[in-house]
Amino acid sequence: MIDKIVRSMAEAMAGIADGSTVLLGGFGSVGQPDALLDGLIEQGAKDLVVVANNAGTGRTGLALLMELGRVRRIICSYPRSSGSVVFEELYRAGRLELEIVPQGTLAERMRAAGAGVGGFYTPTGVGTKLAEGKEVREIDGRMMILETALHGDVALVEAWNADRWGNLTYNKSGRNFNAVMATAGRMTIVQAYHIVPLGSLDPEAIVTPGIFVNRVIHVPGVTA
Amino acid sequence: MNLWTRPQMAARVAADIPEGWYVNLGIGIPTLVADHVEASREVIFHSENGVLGMGPAPAEGEVDPWLINAGKQYVTLREGGAYVHHADSFAMIRGGHIDLCVLGAFEVAENGDIANWATSENDTAPAVGGAMDLAAGAKRLWVVMEHTTKDGRSKLARRCSYPLTAVGAVKRVFTNMAVLDILADGFHVVEMAEGLTREALMAATDAALHF
Amino acid sequence: MIDKIVRSMAEAMAGIADGSTVLLGGFGSVGQPDALLDGLIEQGAKDLVVVANNAGTGRTGLALLMELGRVRRIICSYPRSSGSVVFEELYRAGRLELEIVPQGTLAERMRAAGAGVGGFYTPTGVGTKLAEGKEVREIDGRMMILETALHGDVALVEAWNADRWGNLTYNKSGRNFNAVMATAGRMTIVQAYHIVPLGSLDPEAIVTPGIFVNRVIHVPGVTA
Amino acid sequence: MNLWTRPQMAARVAADIPEGWYVNLGIGIPTLVADHVEASREVIFHSENGVLGMGPAPAEGEVDPWLINAGKQYVTLREGGAYVHHADSFAMIRGGHIDLCVLGAFEVAENGDIANWATSENDTAPAVGGAMDLAAGAKRLWVVMEHTTKDGRSKLARRCSYPLTAVGAVKRVFTNMAVLDILADGFHVVEMAEGLTREALMAATDAALHF
């Protein structure tokens, strides 16, 4: 019997190595896998490359992971926000590498990784400083730059419903990067609000089929 | 002379949006545009974080914390709306399916270049978000912004001085002074705030204007 | 009020020009937009490039369109099947151009078109005769070939449920190429088994949001 | 000497598939493999046309015409199965998420090359389907096929003579005579049909064999 549900956070985090690239779902506070982030902080892996849309706020979660000196590099579209104090301190002090990627290119690079595409041409960013050093070519009369697939060693994902095969659904705008990152992680770890029996999810409405998921941990959370 | 207020600017943008368009609104004044489109006129609003058919802010006590827009504000979903993931959401943008994107900007140049994400070449920790995708991908890019900076410098320019968001992308600009189209030969004034003279508009604009 | 539902086949087919590239959904007999194909035959556009997984069987639908001499070129992964008599006659007689594309590359090329990707690198086909003349480069230690986006002037799609905004769901394996082609057509025309009121489709389970759809015609069909 | 029958070959393949793998089965003998995996042992079958978690053929009278596999046969969906569209389905294949693909072949070479889609360089109207995607994309490619053609020619070869489907992709071959792994130095015999001699196997094989 396939059972991807793990019973402890230690089990969920087992094997995440130093130097891993970690894809971190969520957009703003919606869909952030907070429990998994706490688990990763506890687990101890360091020298991490984190891929996330934002660079954390306050002094918990991703911000805490950074403050603990465990993040070498962050790849994101929008690091700066009102509460991104830790990021700004570290970045200014030169203790954090930053790679800014347009949000759609970020999503597409991970989609490419999940879909076996090595690289792709996009008009996004052409003529801007984010295109510096990138190959440019004209396709169909339009200038485009080459962007490459962005794989994660680990993807941390928050889902709404999950079954023991790892099939997932999300809740409203909580789907965001989660469903994309789930496909791009070599090891995809999910925290789910609800564990449901196999067969109870509508096969027409499963957003992330279990093939993309390695481990699921039940995190009921306060919002239900 | 009555320069347009921010709600008036937003209303002016809204007046130019036909029913049936798929529209993405940036943060700031652009977000206000939705308030000026009556629900009976079906304009479908898109948010980068996977919300198509976004409705207005929820009534008090009816906030769903799982439903935000790209500006991280609570919103609602209209009947007929759909949720998608980030890659599919940006496929809508980058694939040219969004009829219109309305953004704010630091500068717009007469060749349609837009600068709206970083204010200097050495900006510590710049943040681009979805601006480059939207500017390069939407069928039409309009900008709504104050005509000048707080210290009076024109935000319409011959060439942008700040780092670009996209090249040659802007088609129309709405400011507190005027509405301008960008054509091959530069800014064309479509409309001016009541009582504003051509001379005053020219004086406030650091680029040639066609009337 | 947005209303993409058209009342007649003539309205559904209006404006399809000679020389158009037509994307044709379906896989085998499942999900084929048969009524739209009949409409296209009636409508008269010629010199067409047809993109479909298969090259038609028997002497109806796509096979009839080809037999009438209206198809200049077909782009598909699997033209040959037990009933593909018309295709084989025309192809042998040199009266039909054929472009064979691996099935996944075919889907990905249309997905690229729908997503604004101009071209992409894939390992599929490397070292085979389908890679002849294509740019090859090594990415991440793997040889890959460049494939380009495949746009349709028109996409003909079969769906299960549709509302007046053009939101679509499909039925089981009928989703196949339909949902991909819907994104890649400059004009996407849908035949739907059921027209449902706006708001009755679950926003979490809409497969093709209406943004990708231009026209919908109600074709109840015999299977319900 | 008892050469393996097609069902025996399929059963032999099935015996090597661990529970929990995601598996795509090609047309022909590969399709038979599913019949030899008990439902209690959860192996998840994938079909290119967007079916993940495919079950066996439906009972008579319970055919759903909307549910077919890539071979256009009626199938069922298991509990836990999901439907996806073609691009997502091939993302599973091309993105390396399918643990195993089992294909038939015209030829397999000792360097792992496979030819299974066209029998000559000038094939009129060749048809590739998803074979190239599967051969290049799956984590593992196994081939199940007769050891020789009807006229006795070896289908295992030093180099393929027919147009290739993929380069260096095959890891294991199951024939009616033997099970062979393909390693850096060529074919390694893992198992032979009962009573078959090494000499007979070598005589039937147009490539070097390691025992």
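Quick notes on this structure:
Letters A, B, C and D mark the chains in the order given here, with residues in each chain numbered from 1 onward.
The rule is short, and it goes like this: contacts are C-beta pairs under 8 Å (C-beta built on N, C-alpha and C of every residue); 3 or more make two chains touch, one makes a residue touch a chain.
This structure is a prediction, so every number in the text was calculated from the model and none was measured.
Across the two candidate interfaces, C-D and B-C, the one carrying more C-beta contacts is C-D.
With each centre defined as the average position of its C-alpha atoms, the distance from chain A to chain B rounds to 28 Å. In whole angstrom, the spacing between the mean C-alpha positions of chain A and chain D is 34. Those residues of chain B in touch with two or more other chains are numbered 77, 83-84, 87, 90, 93-94, 137. For chain C, the set of residues that touch two or more other chains comprises 108, 111, 115-117, 122-124, 170, 172, 203-204, 207.
Shown are all chain pairs that touch, namely A-B, A-C, A-D, B-C, C-D. Within the complex formed with chain A, the chain B residues making contact are 47-51, 64-70, 72, 77, 83-87, 89-90, 93-94, 118, 121, 124-133, 136-137, 163-167.
On the chain A side of its complex with chain B, the touching residues are 27-30, 77-81, 87-88, 91-92, 98, 100-105, 107-108, 110-111, 122-130, 170-180, 207, 223.
Residues of chain A touching chain C in their complex: 108, 112, 115-124, 139-140, 142, 144, 148-149, 169-170, 172, 202-205, 207.
Of all residues in chain D, only 19-20, 22, 42, 44, 46, 52-53, 77, 79-84, 87, 90-98, 137 touch chain A in the complex they form. Listed in rising order, the residues of chain A touching chain D in the complex are 1-2, 113-117, 163-165, 167, 183, 198-199, 201, 203-204, 206, 209-212.
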